[in-house]
Amino acid sequence: MSTAAESPTSEPSFYERKGIASWLLTTDHKRIGILYLGSMMTFFLVGMTFGVFMRLEQLTMGPTIMKPTTYNALFTLHGVMMIFLFVIPGLSAVFGNFFLPIMIGAKDVAFPRLNLLSWYLFMSGAAVSLSSLFTGSGPPDTGWSFYVPYSLRTRTNVTMAVFGVFLIGFSSIITGLNFITTMHRLRTKGMNWMRMPLFPWALYATAWVQVLATPILGITLLLVMLERLFHLGIFDPSIGGDPILYQHLFWTYSHPAVYIMILPAMGAISEIIPTFAHRTIFGYKAIVLSSMGIAAIGSLVWAHHMFTSGMSEVAIVVFSLLTFLVAIPSAIKVFNWVATLYKGSVELRSPMLFALAFIFLFSIGGLTGLFQGALAINVHIHDTYFIVGHFHYVMFGGTGFAFFAALHYWYPKMFGRMYSERTAIVAFVLIFIGFNLLYFTFLVLGLQGMPRRYYDHLPRFHTGHIWATIGSWIMVAGLLLMVINLVRGLFRKTTIPANPWGGVTLEWTVSSPPPTENFDVLPVISEPAYTFNPVTKEPA
Amino acid sequence: MFGGASSFSGKVDAVFLYIAALTIAFLVFITFVMIYLVIRYRRGKGGKAQDIHGHLLLELVWTGIPLVLFLTMFYYGWTNYRYLREVPRDAMVVQVTARQWAWSFTYPNGRQTSELYVALGRPVRLDLKSLDVLHGFYVPAFRVKADVVPGKNNYTWFQAEQLGDFDIECTVMCGVNHSYMLSKVHVIAEQDFSAWYFGDSDVPVLSQAGPAGAPDPARGERIFKLKGCVACHSTDGSKLVGPTWKGLFGSQVTVLTDGKEVTLTADDDYIARSIHHPPKEVVKGFAPQMPKADLSDRDVADLVAYIKFLP
Amino acid sequence: MNPRMQTQTEPPHIVGYATFIKVWIALVVLTGLLVGLSLTHRPNLALLGLLFITPTKASLVIFYFMHLKYESAALKYMAAAAIAALIIFIGLTFSDYLFR
Amino acid sequence: MSAPAEPLAAEPAGEHVGEHRDYAGAKLGMWIFVFTELILFGGLFVAYGMYRSMHAHDFHKASGELNLTLGVINTLILLTSSLTMVLSIVAIRLQRKVQSMFFLACTMLLGAAFLVNKFFEWKAKIHHGIYPGSEHLMARPPGERLFFGLYFGMTGLHGLHVTVGVVVMSVMLVFLARDKIRHNDFIKLENTGLYWHLVDVIWIFLLPLFYLAA
């Protein structure tokens, strides 16, 4: 595992061509990945700012820095941006685009132009949904779930926001379609399915969920638009429609969407842990199967968001049972990751710290999910801060931390530069402490009965809100430090070897940053993924 | 948590404790093992890493044990939940009406209130009805929650087991004043409840829609509280979602009609128009958010009388 | 290029005009049967038509016109998975509506 | 799917992989797209199923008001257009370019005829005051309102797909004329065909759900 392997190819890197047009018209999967990264980090920072303002408002009781309409718009936009513009495309659009073809030994994805189109759809969706800020009667105030009939009655610009999300959904479908075809058609010689690294596997499972679940969101949002424009009546109780049907359709997509968010994150963790333990992954097959299992069972549990909605008792019991089943593949993954540390040679670099924190935080997220699956408790904690806390543990402690882990892990490969390791660790510690102070307090508040989406709170919740807000400051300080560190790293002139961490997947065999064509000669694979010992694969 | 204010609280808390014990044990275990392995096999120690590809028996064990534990959680959660769906026959039925942004409660004898009064130890069935959008009826102390869905009548029930006042909160985002859609449950002793229930201190108003007599400001005030006007209009001059009613009558107001600004005097006619067709004339500086209320002419007259009565 | 890919990459053999015309005739006949059944004004027969004839017609289009019959096993599995996903989705939603 | 196909040509050395020609890949991509369309309509079928089970009688009554003859004619039109579509593909593979163009043009004309038919059907309904949100409809029971809401929503979305199909086919016609679609490079036409048949499959389900529910 030499960390100083020399550049295996003299070809110019994919950054070689300059000019705006070379970026905006590119069909290179790596450049599209970078485009996604830039746009998504921007959306993340904006969404984070919204969150900071919400926490500030909750620092005191009663109206202080904003009016209820502003607050309601903030939590809606925070949700829409973080979910549809950050975590759903998240790892698959950034790292999937950049690394999937390289990791399976291909020169690009199956449909490069479609790939670019998908980025444009994503950006126009973002533009359309954010344009609701400035058009009509202001940004939507419904919450990101757009529940009917309020979303049909409110005078705010729900139509625009929903149309934006529709476009983003379309972009997500195209990415999924592209990845499936890529993995079926473009794996290099010798790379059979069971030799494929786990990140591509996770993307494969994700892609199927994207392809099969997103259309439901599409039609649901389309119907919301039609309702608002033409009063079709399908969701509107004053015409005869059933608001619960909306919830079914919405969660039929939006629950699997949670797995669209978390699966690639799990995939990235499955890459990082073996690399820094310097040994093969424990239970490769189990992780592959659990990825597919999560994708399959995860699509069957949506109605656990609706236990108090007045569904039939049969449906309630069925969905509660299925919900507990989906916890199993996640547990299997956690066990396998931890077992991968056994008899390894563990190096605690910043990506590894984020990855281990992921395991801890995701476990809390997953375990708090069990409370909600249990019917009796669900009645109590549904629609409270407990859900908000749980969701942030899974989506931020899970996907968010995995995203940062992946970013620190693949950063040298993507940019051919390096961030400051020491600053990265300081930032990590701040984020980790702030995160837990913020969201663990949310769990407690929820158990005490603090409902979500409240502009104001009762006196008995006040202490909790103060702690949470202080946590948000610590976390944001860490996040900003992390971003500054990563941006500063881009300007530090260093040469990065092809394989700085000692990884064994194909992306570490190409130079950093990779050449335009990825590979001069397509590699031929002759052994399973993650063969570290006894023979360490050196770059060809 | 762990207050036990209703007969359902204990059942929820028992399941909570069961799952909490298991999950905390799991979390501590996995974290401990993780930290131990990181330290034991750290890079600097010089141990050689080994490729261990997996262990079928281990995989089966850590699939099987969680499966069994999860199923017990499911079962325990479900059996205790069933209690909430089986309403005792002798329960008193109270009709709960939710609107943006207020609750009202109608008792079997027609009495209407904006806060819920119940007798200690007596089961109460709540039939939930929404006049506009989704709401959520939630009493944290009782661990009871149910969505209030327009066009569909949901129900829930509870049996209070502790004297005192408990918060009612709306849990489904329902608009600007969602976080102020609060009320209280007053749990009082059986004999106090009977006295209140059969007493005449607070006469039910809306069942009395008799012939119009002289407008009655006192009745207007009750409508003001019961029909949710109070959620958006203050009577002390403070600015809420809608304009305050203090000093409203006879004052000059600037309204937007079809996009034009018009200044007019707030008289009986104007107030009645505003109640019947809220979006027609919206006071400048306020959003057109007022819902249409189902009020009779007499109700409106009484409300106007109440507004006149205000200083 | 992937060697397996090259073996798969050739388009399947050409199916002649006659097969498709036969399928078309079958589709028209089935449509006639379906409409005929519903015109008998017997709800059971009409339902039978809906449950059996319609999927048959759809399968004819999918297998012949859309060529699925001549495609690889992988694609057939995928199609089956997609349709299964749809059926499960409909079934689970009905677990609510049928028991309300 | 935009990836062009040249199934028998090997990948030229040094060319960026974006230009690769992969017949099976392009078709796989299209199939996956077909699945998403199927599920998109699936959401509407769920809504239909729910409301029909809740308002069986109203659905039955409202369905009687639809013009069965027009519905059946449109079904025959679409079935025939599916046939001509598939024949167009066979023709180009047999190197009969003119025949292929003729069949494709037939498909387009049939698609257009379907839309014209649909237009008159909608026009008649709207003329009778039956359209979403109309006073006439609001005076009727909820089940009938839902039936017509779904009718306009589903046939509308289907009509939109037909329109898109006709536009795409007109592009394909130009490609055929300019030899951009050839006997050994016909994936664009084949994918257009897949899309068109999907539109047909959806109509096969719409016919009994709306016109034969009486």
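Think of it as A, B, C and D in the order they're written, each chain with its own count starting at 1.
Convention: a contact is a pair of C-beta atoms (placed from the backbone, for glycine too) under 8 Å apart; a residue touches a chain by one contact, two chains touch by 3 or more.
Remember, predicted model here, so these are calculated numbers, not experimental data.
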Chain closest to the middle, measuring from C-alpha centroids that were averaged per chain: A
Between the pairs C-D and A-B, the one where more C-beta pairs touch: A-B
Centre-to-centre distance between chain D and chain C (centres being mean Cα positions), rounded to whole Å: 15
Inter-chain centre distance, chain B versus chain D - centres from mean C-alpha coordinates, in Å: 47
Centre distance in Å when chain A and chain B are each reduced to the mean of their C-alpha atoms: 33
Where chain A and chain C are represented by their mean Cα positions, the distance between them in whole Å: 36
Where chain C touches two or more other chains at once, by residue number: 1, 5, 82, 85, 89, 93, 97-98
Of all residues in chain B, the ones touching two or more other chains: none
Residues of chain A whose C-beta touches two or more other chains: 184-186, 212, 216, 240-242, 244, 248, 252, 313
Each pair of chains that touches, named by its two labels: A-B, A-C, A-D, C-D
Chain A - residues contacting chain D, complex: 27-28, 106-108, 110-114, 173, 176-178, 180-181, 184-186, 211-216, 218-220, 222-223, 226, 230-234, 239-242, 245, 248-249, 252, 516-517
List of chain B residues in touch with chain A within their complex: 1, 11-12, 15-16, 19-20, 23, 26-27, 30-31, 33-34, 37-38, 41-43, 45, 47-55, 58-59, 62-63, 66-67, 70-71, 73-74, 76-78, 80-81, 84-85, 132-134, 136, 138, 140-141, 143-147, 149-152, 154, 167, 169-180, 182, 241, 287-289
Residue numbers on chain A that touch chain C, as the complex places them: 184-189, 208, 212, 216, 244, 248, 252, 299-300, 302-303, 311-315, 318-319, 522
Partner chain A, residues of chain D touching it in the complex: 1-3, 16-18, 20, 22, 24-26, 28-29, 32-33, 35-37, 39-44, 46-47, 50-51, 54-55, 132-133, 138, 141-143, 145-146, 149-150, 152-153, 157
In the complex with chain C, residue positions of chain D that touch it: 7-8, 10-11, 20, 22-25, 28, 31-32, 34-35, 38-39, 42, 45-46, 49-50, 53-54, 68, 72, 75-76, 79-80, 82-83, 85-87, 90, 93-94, 186, 190, 193-194, 197-198, 200-201, 204-205, 207-209, 212, 214
